[in-house]
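Structure provided below as structure tokens; questions to follow.
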Amino acid sequence: MALFDFPLHELRTYHLDRPEPAGFDDFWSGTLASARRAALPPKLAEVGTPLKGVTTRDVTFTGYAGQPIRAWLNRPSTADGPLPVAVEFIGYGGGRGLPIDWLTWTSAGYAHLVMDTRGQGGGWRGGDTPDPDDHGAGPSTPGFLTRGVLAPETFYYRRLITDAARAVETATELPGVDASRLVVTGKSQGGALALAAAGLVPELVSAVVAGVPFLCDIQRAVTITDSFPYAEVVRFLRANPQLAQRTLDTLDHVDAVHFARRITAPSILSAALMDDVCPPSGVFAAYNAIDAQKEIEVYPWDDHAGGRSFFDTTALEFVEDRLS
Amino acid sequence: MALFDFPLHELRTYHLDRPEPAGFDDFWSGTLASARRAALPPKLAEVGTPLKGVTTRDVTFTGYAGQPIRAWLNRPSTADGPLPVAVEFIGYGGGRGLPIDWLTWTSAGYAHLVMDTRGQGGGWRGGDTPDPDDHGAGPSTPGFLTRGVLAPETFYYRRLITDAARAVETATELPGVDASRLVVTGKSQGGALALAAAGLVPELVSAVVAGVPFLCDIQRAVTITDSFPYAEVVRFLRANPQLAQRTLDTLDHVDAVHFARRITAPSILSAALMDDVCPPSGVFAAYNAIDAQKEIEVYPWDDHAGGRSFFDTTALEFVEDRLS
Amino acid sequence: MALFDFPLHELRTYHLDRPEPAGFDDFWSGTLASARRAALPPKLAEVGTPLKGVTTRDVTFTGYAGQPIRAWLNRPSTADGPLPVAVEFIGYGGGRGLPIDWLTWTSAGYAHLVMDTRGQGGGWRGGDTPDPDDHGAGPSTPGFLTRGVLAPETFYYRRLITDAARAVETATELPGVDASRLVVTGKSQGGALALAAAGLVPELVSAVVAGVPFLCDIQRAVTITDSFPYAEVVRFLRANPQLAQRTLDTLDHVDAVHFARRITAPSILSAALMDDVCPPSGVFAAYNAIDAQKEIEVYPWDDHAGGRSFFDTTALEFVEDRLS
Amino acid sequence: MALFDFPLHELRTYHLDRPEPAGFDDFWSGTLASARRAALPPKLAEVGTPLKGVTTRDVTFTGYAGQPIRAWLNRPSTADGPLPVAVEFIGYGGGRGLPIDWLTWTSAGYAHLVMDTRGQGGGWRGGDTPDPDDHGAGPSTPGFLTRGVLAPETFYYRRLITDAARAVETATELPGVDASRLVVTGKSQGGALALAAAGLVPELVSAVVAGVPFLCDIQRAVTITDSFPYAEVVRFLRANPQLAQRTLDTLDHVDAVHFARRITAPSILSAALMDDVCPPSGVFAAYNAIDAQKEIEVYPWDDHAGGRSFFDTTALEFVEDRLS
Amino acid sequence: MALFDFPLHELRTYHLDRPEPAGFDDFWSGTLASARRAALPPKLAEVGTPLKGVTTRDVTFTGYAGQPIRAWLNRPSTADGPLPVAVEFIGYGGGRGLPIDWLTWTSAGYAHLVMDTRGQGGGWRGGDTPDPDDHGAGPSTPGFLTRGVLAPETFYYRRLITDAARAVETATELPGVDASRLVVTGKSQGGALALAAAGLVPELVSAVVAGVPFLCDIQRAVTITDSFPYAEVVRFLRANPQLAQRTLDTLDHVDAVHFARRITAPSILSAALMDDVCPPSGVFAAYNAIDAQKEIEVYPWDDHAGGRSFFDTTALEFVEDRLS
Amino acid sequence: MALFDFPLHELRTYHLDRPEPAGFDDFWSGTLASARRAALPPKLAEVGTPLKGVTTRDVTFTGYAGQPIRAWLNRPSTADGPLPVAVEFIGYGGGRGLPIDWLTWTSAGYAHLVMDTRGQGGGWRGGDTPDPDDHGAGPSTPGFLTRGVLAPETFYYRRLITDAARAVETATELPGVDASRLVVTGKSQGGALALAAAGLVPELVSAVVAGVPFLCDIQRAVTITDSFPYAEVVRFLRANPQLAQRTLDTLDHVDAVHFARRITAPSILSAALMDDVCPPSGVFAAYNAIDAQKEIEVYPWDDHAGGRSFFDTTALEFVEDRLS
């Protein structure tokens, strides 16, 4: 994959020229309010693992519409007292997997809440959270990007983003956590959820780490890349061309650029210039929309791997500086 | 794709050596009974098309758990009096599309009920029927083959097969139809549904046409082909290896070979010897399980196209001979 | 396949800046005159099918140089009196197949003449018409786009386009046809033939339906797409670089844009913005060259499928409006 | 490509169990007799090249039905007196290209007649010989393996094999050639032609070099490989399943194994065990059918490259030993 | 990828029938002796990371011929006193990357020595260790599997395996390590190195963890898979067929099955039945050769991912049970 | 592959705007001086081949740092007296193969020295020359483009280019050679070496033939193509992003455009407009940098094949005109 999006100097100043959809604020504040009304206290259960240095709890909290969402809570087993907490969201298709899959933030001294992704976890890392869909929202391309896409109210990502905001709220209530030092983090879909959560509950978030975030400037992305998951939208609109406008309107309700505008916490993002899965123009559109202290790591040679543990290391340092 | 399954002379005598799952009969009779209890009369609405020779109605009938299922009912516009009726099921991923997509059986003088496929229709031909899933059945590989697969009760294909049986029951109640001449027909997933419906409501079915049917000897298929949709199961079990036995057990509850054993109507199937999507061993396992008048068309050079309109022509002739 | 040709607003005004080749008119009028001199009356033979609603005849008419060309003539079996007639041309590689393959226009109340494609029909739908080539026109890339391409006189498409014009002439002479209501129609290669026939015998054509037509602005197309069939030209010129000018000159003699300029009948075309087989710039070049009542359906998300039955439905309505 | 055909020890004893088609001898002797009746003396024209060490003539001789066939005749420019002569046939798709493409045999001290391949030369190396086909033999898959395949009389390879035998006859008449030392040689399609020519005019051939020959045990090959050109047959039979028996019967008339049985000259062949283009079972079937002094070079790791210049070197040594 | 190697019940009893190469013992004991003679004490340098829970040292020890080899040594930062130690080897192509890439064993309470792979680390995770090759061992296929393959003495894997044995020896000398509890571990190439080290210095190794190990029954593997890295051997032998015997002989000197026979420590391996990179027959050949307490985890649905963190978890538990 | 680089009219005037790296002259003159100091007289050994018209010698000369480099020296066997000599360099991955692989220049009356490529020859044509690397230059992507790339001093291509210059010097000393008529020639990597040698020892070179040369404007090439070998750099920088600047700096030391500026001999190059392996912008950057009599052959339809024997023929004529 060669460079295929705008050249870097144009990316640096690329802005989404579309305002947020009408009613965007009401849509999300209403959705969150409903979720909170249906909320129950999180349940925690001890989980045995062969990891002596980590204490793991299986967390069930309530997300969208009060539905139960699973998570892992890992802590350094030797830590006393309240710890800063990282709330992590997962890339497209994977679930929370096993506790052993999540060791970076505990090794850095954080409590680590890894939110499972409803309905996902059947593709490359297992999951444990159903996606109850009482709407029966209608036909969709296999995958999640068009599930219920005919209206913002029924769209899959409405539910998932609400889960993410609720995960942040939950994290502040967990025992042994210093809620004044809360990081949201993730890559790809996880990066989009980090941006969304940071925009929805900005008062709770102290730092944002979003690697090669998905769901940014979706309307452009679906016309410039052939790669999945964005290609799900293209396939759906091929099968149902009469639904294009409704579909694009719904997608705009979850475009992370609109959430980015609401972010107040220090933020670090990564973009990869050969990334055809989450094209860098979307990442820069989100980055350029953030009105807070911010940095962007650009990986000129990377595809969607997007800096990998180089970015992890840089991001940990960035967060450490901001939280202390 | 070269020949890759058993050679033809072994296919001729290939039988599934597995009995049906314990409780198979009760499972399906209970499911159908529930659907019937929740059933409402079908609703029909006129649809305008540029096809002067065809009268189209948009049908909504009740399928699994009384949920609404859409269908097209096409009839030759010049026909008076009751007509034989063909109930058609659709291949994986597609929905009922447009009335103009379905002209073969009306051109042959049949009423033609084309059942939409719940949740599908986002991939290559549009659909209009949601898949309400109050269970929130858990993570799945994108696609439908693992949706709710952890128990027969929650599995997607329980709902879809019930829809198919209900479509047959509905067809017998439609105006202008001669219910004593009812054909079930389909290709690939549609062929599997035709076999399943013919096994579930054998007393209503006069003839069966199943081209390269899917869902036959699933346990073998998932080990010999790399192609989708069977590959969805493999991906799911990679992500969730601990769920293999439960998954295979559930899949066995919808294996069309078990339905084939219950078929009493004259049946014609097609198998393609280079078909890696629906391997011919499965087709022969189903065919060899049928204890009724039967024929199988073997296409030695075909992949999953499976004879296309050659088979359509042969099948129409087969049905004509049996119904008259 | 993402968007890859000009953006839509540029397509809207894209014109071929090349005039037609010198002698273009004489070349085609001479060719047609020869074909007419060698013409014999069409022969029709009844064909039995399982389609009660359709009467099928196997037609043999004379095309280029009086050579015999096969076709199917389908009619609604219940129709009396003269019917409007649709003359259909087929996409690249396929032949006329079976009568059951062609039910749209009869279902809409038309007589339907489906012209077989000489020499084709060995790739994906069978054919019955040889391509006698007494010239022995010289080496060619496998496929048809370079067969005899070293001179307009020997080029395969000279023969095929002449067949198409002769098919229109034949259609006017068939029994039970209302020659004042004649549609030419086709997709891809079939769309190119529809445009060509409509430009060659404009006085006989009442409406034109050309879906994602092939052979439009060929000189641009061969430099922007890697996909077959245009790639046949590239491969041929790789093997024979010294023949480039002659090859491009010959191809220009069959460029459908030059025929489009001669069309007088109401015309509807489709273009797909992700179509790398027949790039949309060519389609718009043809559309913009038509000096008659016209519409273009643009499918922003489609590849070469180009709207499929959505376009069929729209086109039938367009034609119905124009012919009545 | 891993090993995919029989293991080597089975290949060593693999025989075609099919006899030659009825009338095989008459078919070919009749065809050759016609070609000889129509034959004209070869025409030779000097060709200038930048190769000082090679004298090149452009040869036109008469092949099938007296049709003109082009060839290059290269000779070492310093040689006096009659030279042994190698008649070379070309792999599928390529033409005779340029004189500079053919330097091996002249460098080894031979006169070298390189026969152009009628109709080919549009794909990867240019050609100059048309394939006049007055039959207009009917639809075919793009490519040459199904051109006219519905009867042995009209099949493309009837014409091409006749050209090959005529090239050998022509070579014996060329000036400066020692006809008592004549080699036929080629790879892939060229190897098949070498075997065929050596079987048709065995009295003129002193040695045979056939690298990974094509057209050997065709009936098996088309069922075990997905690769072109054999896949042309599969595609043709998919489109035209009713023609399978006729097609296979015709192909059997050009199966090189039947020609191999008639070979009397010392022969060297190569087989490659990972060759999915010309599977080794076919090569061994041909080799095991030869009743003459013979050797086979087996390249266990090669795909269709089949030993390349290793085999060239070995073959030149084999021939040198036999001719001197 | 479907199942493609032996069925599981045959794998269970599959043994390599080849003895080890003559002189195998002397070859390796001599090589190790030389390395030890050239050995220097390891050098350790503190490395700063953002991981508060982990102390990282950059280790340089001496491997083959006393050449410097880099490694990371991670320890839980809160641990006092000697810890059990895991020596990890890395999969093909990757280097030691960053300290943050290696957190599993420290989280489980181990000191963790991650050996860099000489010359590798240019493909997917960076490395820091050159592969000084004073031999200039000759042409090779890009990659490492044929580097110096013409003699065991010059072969790349002689050097790398010696590094691995030396890493084990080094680990026993590190401060804060309980050398009586030493695990060797790795996946793919890392698994092969774990087996090799455990066979070369069995007295130092307390447990072996080898996931889907590479380099097992190499002579079979190169004939049954098309996938890299084994395909490097095939390509090399295509280019140099005369070197096949020497190449295979050299490869046999590093076949992990021969090392497996020498293992005395409790061992756990994983095999994946759809793994075409390291076919399961090789894994079972190694497993069945081990004469010690042992377990094998079979992942029926996995490709080369081979159980991933499921296996990690199981392996940690296996090791914990054996070391305590 | 469609056109993908600049359009032809922009290529015509495309110049590299980067000056050569600081110290470029000293770097290369120092390297060459060292090689000359270590030089030994070439060794020649007779080699038997079945080619009567060619005399072959196996040459060993000293290249970089006095290391032994193999070559073939072919001569027309009938030639007396001194001949003009062509020094040929080989494309990426291949070695010198067999004497029979190199017949063009001897057939044209030249002595022909074919330099083996150190370390290569394991991929598609065998080689015989090791690449002794006493530096152990560090991890690299498989392939040669990043071997030792962290400094110009340790870079693989420093050694290879020095070999090339030394091959030219060697050629002038060979018996039977007219050193005043010396051509350097090659394609792809061979073309780059021809340009480099002609720039390094311009006083020895009478003509330059460089087909689709590699290593031209490397910094642009690695951002516009996904194809190997340039993709090796991208993969390396993905794994090691911190090394980007050093890597690009090193690569700039072997960029053939900088050598092209030093060329004084008449030169002919070829560029192919659909060449994604060696993009035409690089070729034109080199061509436009040459300040000598020059021609460029443009193949508009070619991929990396780049004119093949059409260019060979043209180039031989160009050279003949210049040398006589």
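Read from first to last, the chains carry the letters A, B, C, D, E and F; within each, the first residue is number 1.
The definition used in the following text is that contacts are C-beta pairs under 8 Å (C-beta built on N, C-alpha and C of every residue); 3 or more make two chains touch, one makes a residue touch a chain.
Owing to the predicted nature of the structure, the values given are computational and were not obtained by experimental measurement.
Undergrad: Going only through chains that touch each other, how many steps at minimum separate chain B from chain F?
TA: Minimum number of steps from chain B to chain F: 2.
Undergrad: If you tally contacting C-beta pairs, which pair wins, D-F or B-D?
TA: D-F
Undergrad: Could you please state the distance in Å, as a whole number, between where the Cα atoms of chain E are centred and where those of chain F are centred?
TA: Taking the mean C-alpha position of each chain, the two centres sit 38 Å apart.
Undergrad: When the centre of a chain is set as the mean of its C-alpha atoms, what distance in Å lies between chain B and chain C?
TA: Distance between chain centres, rounded to whole Å: 37 Å.
Undergrad: Report, in whole Å, the distance between the mean C-alpha point of chain A and the mean C-alpha point of chain F.
TA: The answer is 50 Å.
Undergrad: Touching at least two other chains at once: which residues of chain D meet that condition?
TA: In chain D, residues 125, 238, 310 touch at least two other chains, as defined above.
Undergrad: With chains as vertices joined when they touch, what's the shape: line, ring, star, complete or other?
TA: Its topology fits none of the listed shapes; call it other.
Undergrad: Would you pull the chain C residues touching chain D in the complex into a rising list?
TA: For this pair, the touching residues of chain C are 67, 93-95, 119-144, 146, 235-236, 238-240, 243.
Undergrad: Which positions of chain F touch chain C when the two form their complex?
TA: Against chain C, chain F makes touches at 1-3, 274, 299-303, 305, 307, 310.
Undergrad: Show which residues of chain F lie in contact with chain A when the two form their complex.
TA: Contact set of chain F toward chain A: 223-226, 234, 237-238, 241-242, 244.
Undergrad: Going by the contact rule at the top, pick out the chain D residues touching chain F in the complex.
TA: 49-54, 76, 78, 97-98, 100-101, 103-104, 106-109, 125, 308-310, 312-313, 316-317, 320
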